[in-house]
Each structure stands twice: as structure tokens, then as C-alpha cells.
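Multiple structures follow.
The two complexes that follow have subunit A in common; it is paired with subunit B in the first and with subunit C in the second.
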Partner chain A sequence: MKSISLYRDNGTWLCRVHPFTKLMYIAAAIIVPLLLGTLWAYAVAIALDIALLISGKSLKRARALIIFSFTIIATIFIIKGLFDADNLTPLFSIGSVVFYREGMMKALRTGCVIINMLLSFSILVLTTKPEDIADELERHGFSPRLSYVISSVFSIIPQMMGTMDTITDAQRSRGMETEGSLIKRMKAFIPLITPVVTSSLINTRERAIALEVRGFGGKGKRSYLKEWEKHRGDKPMTIILALIIVSAAVWRVATWLI
Partner chain B sequence: MNGKSIFRTKFDVASIVLIPACIGINYIGKLFASALKLPLWLDSIGTCLGACLGGPIIGGICGAANNLIYGLTTGDSITLIYALTSLFIGFFVGIMARAGFMKSFPKSIITALVAGAVAIVISTPLNIIFWGGQTGNVWGDAAFAAAQAASLPLWFSSLIDEIIVDVPDKIITLILTFIILKALPEKLTALYDASDEVERLD
Partner chain C sequence: MAYIEIKNLKYRYPKTKDLALNGISLSIEKGSFTGIIGKNGSGKSTLASAIIGLVPQFYKGAYGGSVIVGGQDAATTPVSELSKSVGLVFQNPFNQLSGAKDRVYDEVCFGMQNFSIPPEEMRKRADSTLERLGIYEYRDRNPFDLSGGQMQRVAIASILVLQPDVLILDEPTSQLDPAGSEEVFSVVEDLRKSGITIIMIEQKIDKIASYSDSIILLDKGEVVASGTPSEVLSSTMLESHGVKAPAVTRIAKALSFRKPDSSYPVTVSEAKELMDGRLSFKEVQSTPSPKGNEVFRLENISFGYTPGHDVISDLNLSFDNRPTAIIGQNGAGKTTLAKLMKGLLKPGKGRILFKGKDTAEATVASLAFSIGYVFQNPDDQIFKPKVIDEVMFGPLNIGMNQKTAREKAMAALEMVRLGDKAERNPYDLDLHERKMVALSSVIAMAPDAIILDEPTIAQDDEGKAMIREIIGKLSEQGMLVVSILHDMDLVADSFERVIVMAGGKVLEDGNAREVFAASESLEKAGLELPHITALGKALGAESILLDENEFLESVVRV
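Let's look at the complex of A and B:
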């Protein structure tokens, strides 16, 4: 069954870094440029994201994740560059269409925010197993119910996608059309989704009973099957990242006060 | 039904199991919508079902967990921002359902309009902060561009964009939710009925 998670263990050091360290990096990569407010800060953050992805041998797969955002970023440039309310100074023109500097700068900033966010998250997404995040959250005091929800989603979806294929085949063999005009496709949606959804909801009843008899609702301390192998850099790195965020916040507040 | 029972939530195993199933349904809805090339998201059917079955609290948890899980694991980190929208859609659909607004087809349309309004109120500021006001949907963004070209204020253009994208989506979603709810067997829905009382024989 195909998993929806993008995690692949490619044996690099990035896969062995603790999920919380990566989460802290994401927080730093997003919050610090936001606090500093200059485009240079974004450039540094994006360069850092890319450097980390290269050393984790995951840049190629990250590219697939961000490529979809390029069309929307392009439309942001066009709409802001042409029509933004603050537009004053013409930057360049194509034929009779004039692009303005103010709008283009705003679009550049939005583009940087989006790319930076996508890249920094892709570091976590591409190199961390979702079940590991769930396990570590539980070990650090989150409810076991939460970690059940997270890890369960990843086993339920492939199962539902299997049902989805079966239902699609069954309905097609009864003569349902899944191509053609918009109305036709809209009509096809109901006979496709209803059986998948009802069957998966009915399954929850059995799953609830199965879990209950295995002591899911029970109280008391849980034991773990897997031990997380600690990476020596995890703790110092998390502290350094936290300090960077705090100092950026202090700098921001200080510049406001002065 | 009094105000207290609207928010009454069972946190038993059945409700916990419902959450991942609803998150899966959201994903399947989105998958079918893109397989059939429909111009809608249809990615909140599960959240609405969860809200109707488990109440506002479970609905809210379904919505927020949905976006958090997909954002943190499938690389679609933009959805993380909209966890707030999903949370409130789940919450308000849950309230409407508990207040009896999912019992008949016309009433479910009212629920759909409430869900659409919630989506607009919460998503529009998020769109402005993160995307400069756009939604990424072709039709909505075309309206956004036209409104900006006509020198309308940013928030207004963004609002129009969001209305075009979200209201039809929520109406279709709630109609589907209504159809699915009617098709569910009672032995399942009874599992989530918070107003029931356990009778003891001893």
C-alpha cells in the first residue's frame, strides 16, 4: 500500500535529528526573518534551508514540493505589480502594461515568505517519519490519544484509497461516467464518495471495539516498543535556535522603544 | 435541547476513532474532487461529518488536527495556516447540527451558509497576511484582480475572492454531508449520541 507520507530514510544525518530540533528550526526560520523584517533575513533563511536540504540529500524531492507554489507566486507578482494601491514608481513596462516598483516589492516579500515556509517545513516532512513525531509527542507528555490519531491517519488513508479504487471500478462497470461536462462530473461525485465514506465510518465502530478490548482507554503508564536514538547535536542546537529567536525578539522590541 | 447539551462531548474510544476516519474522509474528498477535475476543494466533508456525529468539540478537533497533520507530514505546509479556519468550521457546524439544523435538507443549507460565513471571516485575514489577499483559485483570483484593478480596497477584493471560492464549496460539502448522514445506519449514529443515558439494571 502506498503511504501518503513523504518520508524516505536516505541514511543522512538529517534523518537522525530529533523531530523537535527540526520543529525548533522551522520556528526560527519563520519567526526570525519576520521579526527582523528585512528581505536579507529571508534570503539568509532560504539559503540556510537549501544548504540543509543539500546536506540531507533531499533538495530534489523538496523541489517537487515547492514547484506548485510558483504559479500562485507568479500571479501575485502580476496582480500586485499592476494594481497595488500603493503603486507610484514605474519599474518596467511590457508594451503598454506598466509594472510598479511598490507592488513588485510587496510581491517579492510574499514570495519569500512562502518559499521560506515551504522549504523549512520540507526539511521536517522529507526526513521525519510521522509515527516518530507521534511517538515523541506522547513520550513528552502529550495524550496517547493524540498520537493514536496521528499514526492512525497514516494507516487509514491507504486503506480508504484502496476502497476508493474498488468503488470507482464498480461504479464504472455499472456505466457511470466519470468524464465529460462539469455537471456530469459533479453527478459522478456522489455515487463515488458516499460508499467510501459510509463504509469507513461503519468500520470505525469495529475499530473502536477492537481498541477498547485491547485496553486503549486504560489508564496508567505506557511502555514503548522503540527507543529514540539520541543525536549528540540535538540539545545544544535546540538551545541555540531558541536563543536566536529570543534575541531577534529582544532586538525588535528594543528598536521599537528607541 | 438546552445550551449545555450542545457542547456535551463524549471522549470515549468511539469518538477518538472517529477523528482519524474523518481526516481520511477529508483527504478522499479532496482526491475525488481533483480526480474529477471539479473546481472545488471538497476537503472538509470529514470535518463536517465529525462535527455532526460528535458535536462541536470533536468537529473542531477534527478540523484542526486535519490541517496540522497534513501540514506537518505531506509537505503541504500552507494548510497549517488554515487550521484555524477548519477548527471553527468544525465547531460551528457541530453547534448547528446539535441545534437541529442538519435534520432536513433546507436546514442543512442554512448550516452550509453558516459554515461559509465562518470560512470567509477567518480565511480572509489569513489570505491577506500570507498571500497578499489571493486564494490560489483561478476564478477567485480573477475576481480579485478585477477588484484591485477597479481600485477597491484590498480587504474588499480579498473578501470577494474568498466568497467566490468558499461559499459554493461549503454548500456542496454540507449537501454531501447531509446525504451521507441519512445513509448511515442507526447503530453507528447511536454510538455518538451524546444525549443518551445509560440505564443500569442493578
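Let's look at the complex of A and C:
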């Protein structure tokens, strides 16, 4: 089955790092530069993201995400560079179009925030099984229902996409045109979407029963098949990252007070 | 006291008028195998839901009487608690997967985690159960990638690891192909020997006859008969409650072979004991039905979903007006072939001619005029809030005016005996009725050819009889009926031509008698004989006997 999860187990150390350590890293990578507020902090965070992805052999797969975000970032540069309210100092011009320094700096900052977020999240997403994140969350006190939702979404969406194809075939078979002009496509919308919704409702009801008869609704204690193998750096790394966040916060508050 | 005690159980689903269960009283002993039979809507699944507490806890509605399972009141003990004692496996293997696990092994352990079973014990139970059900080798596979039969075995394993006292199987094979059904039945057979208490709801009467210690016949929510398989299935009132006796029993009855206790045999082995050597068979002459005008011609067709892996390669086939059944296992290429004919798939190589015209030049929607296709799952197409509108959708699409479309739709609904439900919401109907709505929505378009994909799934004996009738009527009107089927009894008595497929190739092509004589090809394609044919063979008939009449005409008691 096609999975929509981006996780691949490539056997590198990064895949064995505990999901919570990665979550803490994301927190640090996003919060610290925000608190420090300087561009070089973003540069360090992005460099760190990239270094981690390279060592986890996952940079190549993160590339698609980055390339996609470039189109958005380019748009931000154009809009901010040309039209930002604070624009004063011309930086360069292409023909009669003038780009301003203030807008470009703002765009650079926004671009860094986006890229940093994408990269740090991709460290988690590309190297962690969604089910593992869900399991660990559940084990640490989150609701089993939340954990179920996280892990089931990844298999249920591809199923719904499969159903969509069958439904399209079934309606085309009854003479409905699904291709062609906009009006034709709009007319096709209801006959295509209604069965998707109703059949997933039917399936969900049955699945709810199937879960219920396997004790899912029970309120008692649960046990877990997999014990997460302790990676030696997990605990110290999480603590260090937390300390970095706290120190950055302290520094920020201190600079405000002074 | 028996393990399960049901006393005067009455239940009505919310927003309905009739009682789904009406005064049911019965007791089921530990270690027994109980079969529950009855036509669609007789209350079988509702009864199963009541034993595990889903009725009334999950479905709500009006409830009276009592269900005591191992000393617990099923109406008030939470389902998650009761499921430690009672396991339930139902029809659709797909919807029983949790959807949260991407490995068979983890899927099987899902329930045990909820019951807080220690990891070592979990592994022990999972390993032994997977082994026992013959799915150990799939433990690392994604459960969604398995075949129906394998998936259903995973579903059974997921329940068995919880070590319930009672296992309820609610038509576990109704949505599986013959090989998948066999896989599941052999598991059931094995469980039966192990002594676990089993309650099995099943339409395949021949199977239930051979497994059960006792059988309960339900109709309109009431127990109308209960007793040993022989007692219940010999009863003359069976058919008036919509259930056909096993082929063996029907034949024995017609030939007046009774067991010493004056009931009739219900399994082939019982029948052999009684009848072996006491029958003489005449040879049956095969009368080849004449070929009609060519409707479809497939020339050197090849097709694959991924490049380099052809599901169908170099296939040459033509179809005339004779009703034609296509049989074979899942993955044999039957549905692919049907979709190619309908134009939903385009052949990689070769061409398909419909009445002499190449279908490659037409869009699927424009082919809808002449070629109808009824999908397996009616819920993939139903979208209108009224049955009549749903059935008129196709006719209106192909340009019929309102009046004609309504007339055609009503006629089609009458044909499937849903004329009185034209104004109802299709989703208020049962699955077997929704299947009929889907079927009528294609019949109403009055195509020249109609392709049916597994029309008998979810149908009971009455439904099957209706499908048999419809195939006959459509053929008479000159329509080519091509059907993918798993029900060999229907193949034997309703189709003039039978095509056996395996691995994307045609293994046999002829009338039913020729095809069911080709035992080697049947074995290769993983197919069984129709029940009557198998009985004839077991009793020494040389010819292939296709239906009850033919059997009785060719046999004399000696």
C-alpha cells in the first residue's frame, strides 16, 4: 500500500533518536533564534538542521520540501522588497523596478523562519515513524484516542484516495463526464464526493465496532509491545536543548530589563 | 447454567418500527459449535451484537429481556470488558483492521495492549496464533497489502490472542473469494477441534451443516427452529423461512433417503454412507448452445498496472449474446478484463472492438450508452437521497428525457423488487438492497451489454434466486450479460458459457459442463465444483451434473 508517511527507515542513528528528543530539538531550533532575534542565530539553526539531515542521510528527501517553499519565499521577497511600508533605502533595481533594503531584510528574516521550521520539522518527519510518535505520546499520558488519530490518518487517507478512484469509475460508467469544461467538473463534484463521505462514515462506524471489541474503549491500564530502545544521547541531549531554550529566554528578558 | 443464557430478548433499532429481535430465548453451552442461519434481515447479526453487548450499548434503541454471558449482563457490562470473554469477527476484513498499525504483528497485538497484557506474554500469544492461522510469514507485512482471506485471518488472530471464551464469527467469508473462504474455513475447522466455543453466522449452508453441533434458524427476529443440523435442515419449513437446504439434503429428500432417526443427511459423508452403491446414473448428453452474434472482440490484449508487469498478456477473446460467467481467484485478472471491456482501462497493446467499433476512440461516459458495469460495492456510487433519483441518474446522463428515464428506472426497480422503496433513502436500506439499487441503476440505462462484478456477495438464497432470474430476463431481451462470480452453483445453473481465468490467461472456455469436467484447470485456478456436481461425483456419477433437476433426472435408486 502506498503510505503517505514520509518516514523511511534508512538505518542511520537519526532514526533511532527518541521522538521526544527530536520534538525538543524542533522547539529549540524555532524558539531560540526567535528569542535572540538576530539573523546569525537563524543561520546557525539552519546550518545545524542541514548538518543533522546530512548525517542522517535524509537531506536529499528534504530537498523537495525546500524547493517547494522557495516559490513562496521568492514571492515574499518580491512583495516585501517592492511594497513594504518601511521601505526607504533603495538596494538595487531591475529596469525601473526598485527593490528596497528594509523590505528585503524583512523578507530575508521571514524566509529564514520558514526554511528553519521546514528543515527542523523534516528531521522529525523524515526519520520517525508516525506510529512511534503516537505510541510514545500515549505512553507519556496523552489520550489513546489522540494517538490513534495520529497513526491511523496515515493509512486511512490513502484508502480514501483509492475509494475516490473507484467512485470516479463507477460514475463515469453511468455516463457522467468527469473531464472537460469547468461546468462539467463542477457538476461532477456532488456525485463524486457524496459516496466518499458516506462510505467513509459507514467504514468508520464498522471500524469503531472493531476497535471496541478489542478493548480500545477500556479505561484500564495499557501495556506496550515495543519498549523504546534507549539511545544513549537522548536524555542529556533533551536536557541540554531545554537549557538552551531557558537560557535564551533568560537572556531575552534580561536585555529587556536592562 | 449454560455459558450464554438469553431470556426473552427483544430489541428494536432506533427510529425503526419493527423489532429486530423478538422474544429470543436460548442457551449455549461452553465448548459447543452453534450455527445461526436465516435470510438477510432475520436478526442474525443483531443477535451476535447483543451477545457482545454492542446491542444496546453501541446501537442504543429499545431493549428488553436479558443476555447473560459467563455470569455478566451483556446490556450493562461495558463492551471493552465483555470483549475479554467474547470475541467478534465480522464480514468486512478491511474495516476490522485498526488502521493504526502498519505491521501484521503490531495489528495482532493491538487488542492485547488495550488489555494490558505484558509484552513477553503478548509475543508468546502473537507468535503461536499467527503460526496456528498460517500467517506467521506475513507478520512484517502491511496488513492492508494482504488479500481478503489473509486479512480475515489477521482479524481472527487479533481476536484469538485475547483468548476469549466464545468466538462469534459473523459471515466471515461472505466477502472473500473461494480460496480466501477456504483459508478461513480451514481455520474454523481447526478451532472447532480445539474446543473453543464458537457461534457462527453463515449463508453457506453446506459448511455450517458440517461444522455445527446445533443450528438456530432465525426469521423476523424470532427463533423458528433449533436443534441438530439434521433436525433443522431436514425440516420442511426451512424454505418458507428463506433458507435453502444443503444440496445433499435436497437430493436425499427427493430420493427418500432417510437416516435411521428419520431425518435427512446434511453432509456429503453422511449421504455417502446412506446412498453409496444404491444409485445408478445415466449419462447426460451435453447440448452445446449455439453461438450468437459477436458483441465484443478482444484482439491481442495486453495490460499491466505497472510497466513490465502485465496482468493480462496477449489475450484473444470474443463474446456473443450467451450469458457468460468469468471465474477464477482474486488476482486472476477478471476485474481487469472487465474494466478493459468497459473502457475504464485502456489496453497497453491490442484493441477491443464493441460491435465492430474500436472502444479506444470513445470516452467511458460515451460508452455508457451501450456497456453497463455494476460495481461490487454499491456505496461507491450511491449519492442521491432517493432511490428513484439514484436509478434515474444514469438514464438522464445518457440523454433520456425525464419521462422515459422515470419509466425505465421504475421498470428496473420492479425487476429487483424494490418498486415499493423508490421514494426511500438508499442509505436506509440494507447492503443487499443497496446492491440491487446499484444493479437497477445500470439496467435502467438499457445498455446492449452489462458487466456484473460479484453480484451475489451479501445476497442470501432469495437474493441469489432473484439475480438468477434477472440474468435470464436480461438475456432474453437480447442483452449480453457477463458476470464475474464466485458462486459456482449460480455459474452452473445460469450461464451458457463459462470462462476460467488464472494468472491473466484463459484456462478454460466452454459451457458449464465442459468447464466443470476440466478438473486440472479448476485445480490450477483454485476453484471448487458446484455442490450438486461435487455430490454427484462423490456418489459415482460419470457425467457432470449441473443442477438439482439434472441430478434427479439422471439417477435411479437400485
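Please note the rule applied: the second predicted complex is superposed on the first by the 257 of 258 C-alpha atoms of A that agree within 3 Å, B and C clash if a C-alpha of one lies under 4 Å from a C-alpha of the other, contacts with A are read in each partner's own complex, and residues count from 1 in each chain.
By definition in this document, contacts are C-beta pairs under 8 Å (C-beta built on N, C-alpha and C of every residue); 3 or more make two chains touch, one makes a residue touch a chain.
Just so it is clear, the model here is predicted, and its values are computed rather than measured.
When the shared chain is aligned, subunit C comes close enough to touch A:191, but subunit B does not.
In the superposition on chain A, A:223 makes contact with subunit C only, not with subunit B. Within the superposed three-chain model, A:125 lies in touch with subunit B and out of touch with subunit C [touch as defined at top]. By the touch criterion stated above, A:176 is placed in contact with subunit C alone, subunit B being left untouched.
In the superposed model, A:215 lies in contact with subunit C only, and not with subunit B.
Of the two partner chains, subunit C is the only one that A:199 touches; subunit B does not reach it. Within the superposed three-chain model, A:156 lies in touch with subunit B and with subunit C [touch as defined at top]. Of the two partner chains, both subunit B and subunit C are touched by A:207. In the superposition on chain A, A:94 contacts neither subunit B nor subunit C. Contacts of subunit A with subunit B, set against its contacts with subunit C after fitting on chain A, overlap at residues 148, 152, 154, 156, 178, 190, 194, 198, 202-203, 207-208, 211-212, 216-217. Those residues of subunit A that touch subunit B in the complex are listed here as 4-7, 65, 69, 72, 75-76, 78-80, 82-85, 106-107, 110, 113-114, 117-118, 121-122, 124-126, 130, 133, 145, 148-150, 152-154, 156-157, 160-161, 164, 178, 182, 185-186, 188-190, 192-194, 196-198, 200-205, 207-208, 211-212, 216-217.
Touching subunit A in their complex are the following residues of subunit B: 12-14, 16-21, 23-25, 27-29, 31-33, 35-39, 42, 45-46, 49, 53, 65, 69, 71-75, 77-78, 80, 130-132, 134, 136, 141, 144-145, 148-149, 151, 153-154, 176, 179-180, 183-185, 187-188, 191.
Looking at the complex, you find that subunit A touches subunit C at residues 1, 3, 129, 131, 134, 144, 147-148, 151-152, 154-156, 159, 163, 166-167, 169-179, 190-191, 194-195, 198-199, 202-203, 206-227.
Taken in their complex, subunit C has these residues touching subunit A: 52, 54, 58, 78-81, 83-84, 86-88, 90, 92, 94-102, 106, 109-119, 122-123, 142, 144-145, 155, 158-159, 162, 339, 342, 344, 363-366, 368-369, 372-373, 375, 377, 379-383, 393-394, 397-398, 427, 441-442, 445.
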